[in-house]
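As written, the chain order gives the labels A, B, C and D, with residue 1 at the start of each chain.
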Amino acid sequence: MFTAENTTAWLTNFAGKIEANAAYLSDLDTPIGDADHGNNMARGVTAVTEALGKLSDPDLVTVLKTTAMALISKVGGASGPLYGTAFLEMAKAAKDANDTATLLDAALAGIEKRGGATTGDKTMVDVWVPLVADVKAGSLTKDQIKAAVEATKDIEAKKGRASYLGERSVGHIDPGSQSSGYLFEALIETEGIL
Amino acid sequence: MKKIINDPHDVVPEMVDGLVRSYPSILEQVPDTLAMVRADKDSMKGKVGIVSGGGSGHEPTHAGFVGKGMLSGAVAGQVFTSPTPDQIYAAIKAVDQGKGVFLVVKNYSGDVMNFDMAKDMAEMDDIEVRRIVVDDDIAVKDSLYTQGRRGVAGTIFMHKVLGAAAQEGASLDDLEKLANAVLPNIKTIAVALSAATVPEAGKPGFELAEDEIEFGVGIHSEPGYRREKLRPSKELVEELLGKLDDEMHLDPNKQYAMLVNGMGATPLMEQYIFAHDTLDQLKAKNITPAFTKVGNYMTSIDMAGISLTLFELADPAWLKALNYPVETVAW
Amino acid sequence: MKKIINDPHDVVPEMVDGLVRSYPSILEQVPDTLAMVRADKDSMKGKVGIVSGGGSGHEPTHAGFVGKGMLSGAVAGQVFTSPTPDQIYAAIKAVDQGKGVFLVVKNYSGDVMNFDMAKDMAEMDDIEVRRIVVDDDIAVKDSLYTQGRRGVAGTIFMHKVLGAAAQEGASLDDLEKLANAVLPNIKTIAVALSAATVPEAGKPGFELAEDEIEFGVGIHSEPGYRREKLRPSKELVEELLGKLDDEMHLDPNKQYAMLVNGMGATPLMEQYIFAHDTLDQLKAKNITPAFTKVGNYMTSIDMAGISLTLFELADPAWLKALNYPVETVAW
Amino acid sequence: MFTAENTTAWLTNFAGKIEANAAYLSDLDTPIGDADHGNNMARGVTAVTEALGKLSDPDLVTVLKTTAMALISKVGGASGPLYGTAFLEMAKAAKDANDTATLLDAALAGIEKRGGATTGDKTMVDVWVPLVADVKAGSLTKDQIKAAVEATKDIEAKKGRASYLGERSVGHIDPGSQSSGYLFEALIETEGIL
């Protein structure tokens, strides 16, 4: 179950992971992208923590919407609209619900709608789809996260910048999948959500 | 990394400020944004606005093409990163004259998504918006099931043709039709001698040995389709023109515009030599371009390399549009 | 050496050919020479001709400034080598309309001697010729007993002011007076991050370490006045603007034109940031330039670096001349 | 005494020395110039031998004038007008005389007039002035040539590109003095002139 408090804690944890791994994310984005995913996400999570810090006693919808707006207006690139839309859809869904499954389903649907990618395109969708299923099955573990992220290595990209490489995109982890992996790790580490 | 900059984080705002203040009679910055619009507001009255944009690092693109007869506004993202929807929306709002706004987007998932979100925002405000997604780079395979091809230097020709039409009073419908007609006629392909260094990254996107080149690179240090030893200009032209010919089926009975585009660190000396070789090899096919431009138009920061664009002028009006007078920083 | 060229010996003729054929509506090559003249002959009728030139490697200088409202002709020497008198003379003859020809020469012993010999040849043919020797580079000390200062990027402003006057019908006498009046008001100073590689030499004119810069370099890899560690753009501007101020005694009650000039391999991104810092520091002195240009105008092949030129607009007509419309490849 | 034959032989010998030492001349032109003196002179002497090769049974004036025109129209830079003027003035003087002293005096006067340099400016004039005097005294030797060229090392340049360096021009041989040294060496090696 998502609450304003645990969602803020989740996002703060996520922000820490992104900041700690920004260089690694940009490195992943180098062979099959444009080397900016770490910078993009770091810019985004800094804006998120700053914006959340300014809220006093917000409700869940406000936390999610604030996060979405910060990401949309600070990240840019492909990941900005995708993460932004994910949180915007979560915010919309949170008007009527707060259970983890409903909200994560809404987030994933947002990503799929915004980016038009499906499983097997070597995008963050390849991490979100199995991991949201794991969350709903009550079985999400760090090993599964790691496996989902690693699995993107073997895929030939069909969407995003990596798709320009065709076959040569194989053998590299998708950077957006790795940053999404951190989001799910933070979900496990935040008490009271799963 | 050896660059004339201050804090790498401030590159984009400082650059935008420097550009706008250097050319105050042409450009204006939308307050609190990295969007730039025409200073000559009279020239936009009653016309459809044209807004382009994308990541920074392609200077003089995009803002260099804002001005009477060409773009109405341009939005600068972070280096090699699509601008965000709020910034794009600010540009749309600033140029709209009640006739709608046309967006020129290069085919990168980030650009497409951010411009689409901006379009949604504008439409909520009753500003009618249409768009074209430029995908002129033939280095990558095209497929309905993938992202498709990248938008690169040929986008400049799209800006120019649409800009002339808008200045002459074309409607949003007209512009959309025109853009769709022009699109399949513009094709580009590039070769790199070195990759670009994004200031925040501090090192080149890829490494090439002192005697290596890479064919088919994009404008963000995306790797290309083949790496090999440096060859004389003539042979580089053979490779690139060959690819364009395969794609376009060059025909002496048709008219073409040609753009030799420097990637940032390649001097005009080399670009003019490359142009010489291209014109020679086109001549051998009985083709003399009806319009030619050589220079740094769509750069990739400090990448060394050149892209070659051919634009089949299927409609004679397009040649007129290329020659249409403009008041911009960079055309 | 990693360059898009063919045989290093053919660099200049291939480059000239590429340039002229790319812009046939603006430029024409004088047959069997490396001299280029305006294609628009009508625009020269009854006017004094203006011819500039010098070694190649400074593209778009000199031919990029040939066209209606600016130069009548330009002569390209070998790379970094003054053109020969016969070539200069060919340009003089091609542009003369019976009103005489004015030469813009940069202060290098080779240029001065070759242009002087060409002047002698023209005068034997009863073509009246005058000249100005531009020496805007303040990096080197001036003295009556030496060669004096070098001519560098500020030469572009000289071309522009004279070009506008000639187009408006100024006589040879008028142009000589104007050139002499303008000359002491143009000052330039540069900083390099790397030296140029002359194709025939195959290696850079000097070596700078990955973190070193050199102040006061010329446009032919001549060493400068100080070598030190790379510093932020703001501090480079402080150094260069300080030198200009010492020389010109910048005054908020006077008007200035400013040129930020890229040396060939420095991307516009860095030039715009440098312009931002320069405009800021001028503003702190209560000065806002009345005219600004930023770009690659007087390059040094593939040197990385920037030069800063200030031009005190002592006569308001000079500002008008800078804004006077031209039809050139590069202004 | 200069004749059409020995002058042609002299220039052919000079051309060989320039071609063999082109890289060295450009190297000398690197620290205090623009690294092109070897290329400039090589372009010039190639044109000279080509032009002389086309003459059939020329007189001395023609040999000298042809040389001058080839140098003037092919070398460019500072050295082109200087060497070109030297041979043009020799050609003029050769209409009335053919003795070594008169012709070399004319050449030197041409260089001085064209470039406005005098002894001590660190230019080829610093080699021409003492060596022409040595020729006239009948005492020119290769050691004297070497000494004259070497002596330009200690001078601070006042003319030409090296002058922009001020004091820092000290310690380097002047490239134009070195190429002039080759011209005088060739003079010694050509029978019948001195």
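We take it that a residue touches a chain if its C-beta (ideal position, glycine included) is under 8 Å from a C-beta of that chain, and two chains touch if they have at least 3 such contacts.
Protein names from UniProt, one per chain: A, D = phosphoenolpyruvate--glycerone phosphotransferase.
This structure is a prediction, so every number in the text was calculated from the model and none was measured.
Rounded to whole angstrom, the centroid-to-centroid distance between chain A and chain C, based on C-alpha atoms, equals 53 Å. Annotation: 31 Å between the Cα-based centres of chain C and chain D.
Centroid to centroid, with C-alpha atoms defining each point, chain B and chain C lie 29 Å apart. In chain D, no residue touches at least two other chains. Looking at chain C, one finds that none of its residues touch two or more other chains. A linear topology is adopted by the chain contact network, the touching chains following one after another without closure.
All chain pairs that count as touching, in label order, are A-B, B-C, C-D.
Residue ranges on chain B touching chain C, taken from their complex, read 2-7, 11, 14-19, 21-23, 56-57, 59-60, 191, 193-194, 210-211, 230, 232-234, 236, 258, 260, 264-277, 279, 292-296, 299, 301-302, 304, 306. Here chain C touches chain D in the complex through residues 55, 77-87, 108-110, 113-114, 116-117, 139-141, 145-147, 149-150, 198, 200-201, 205-206, 218, 220-223, going by the rule given at the top. Interface residues of chain A, counted against chain B in their complex, comprise 26, 30-31, 33-36, 39-40, 43, 72-82, 84-85, 114-115, 157-161, 163-166, 168.
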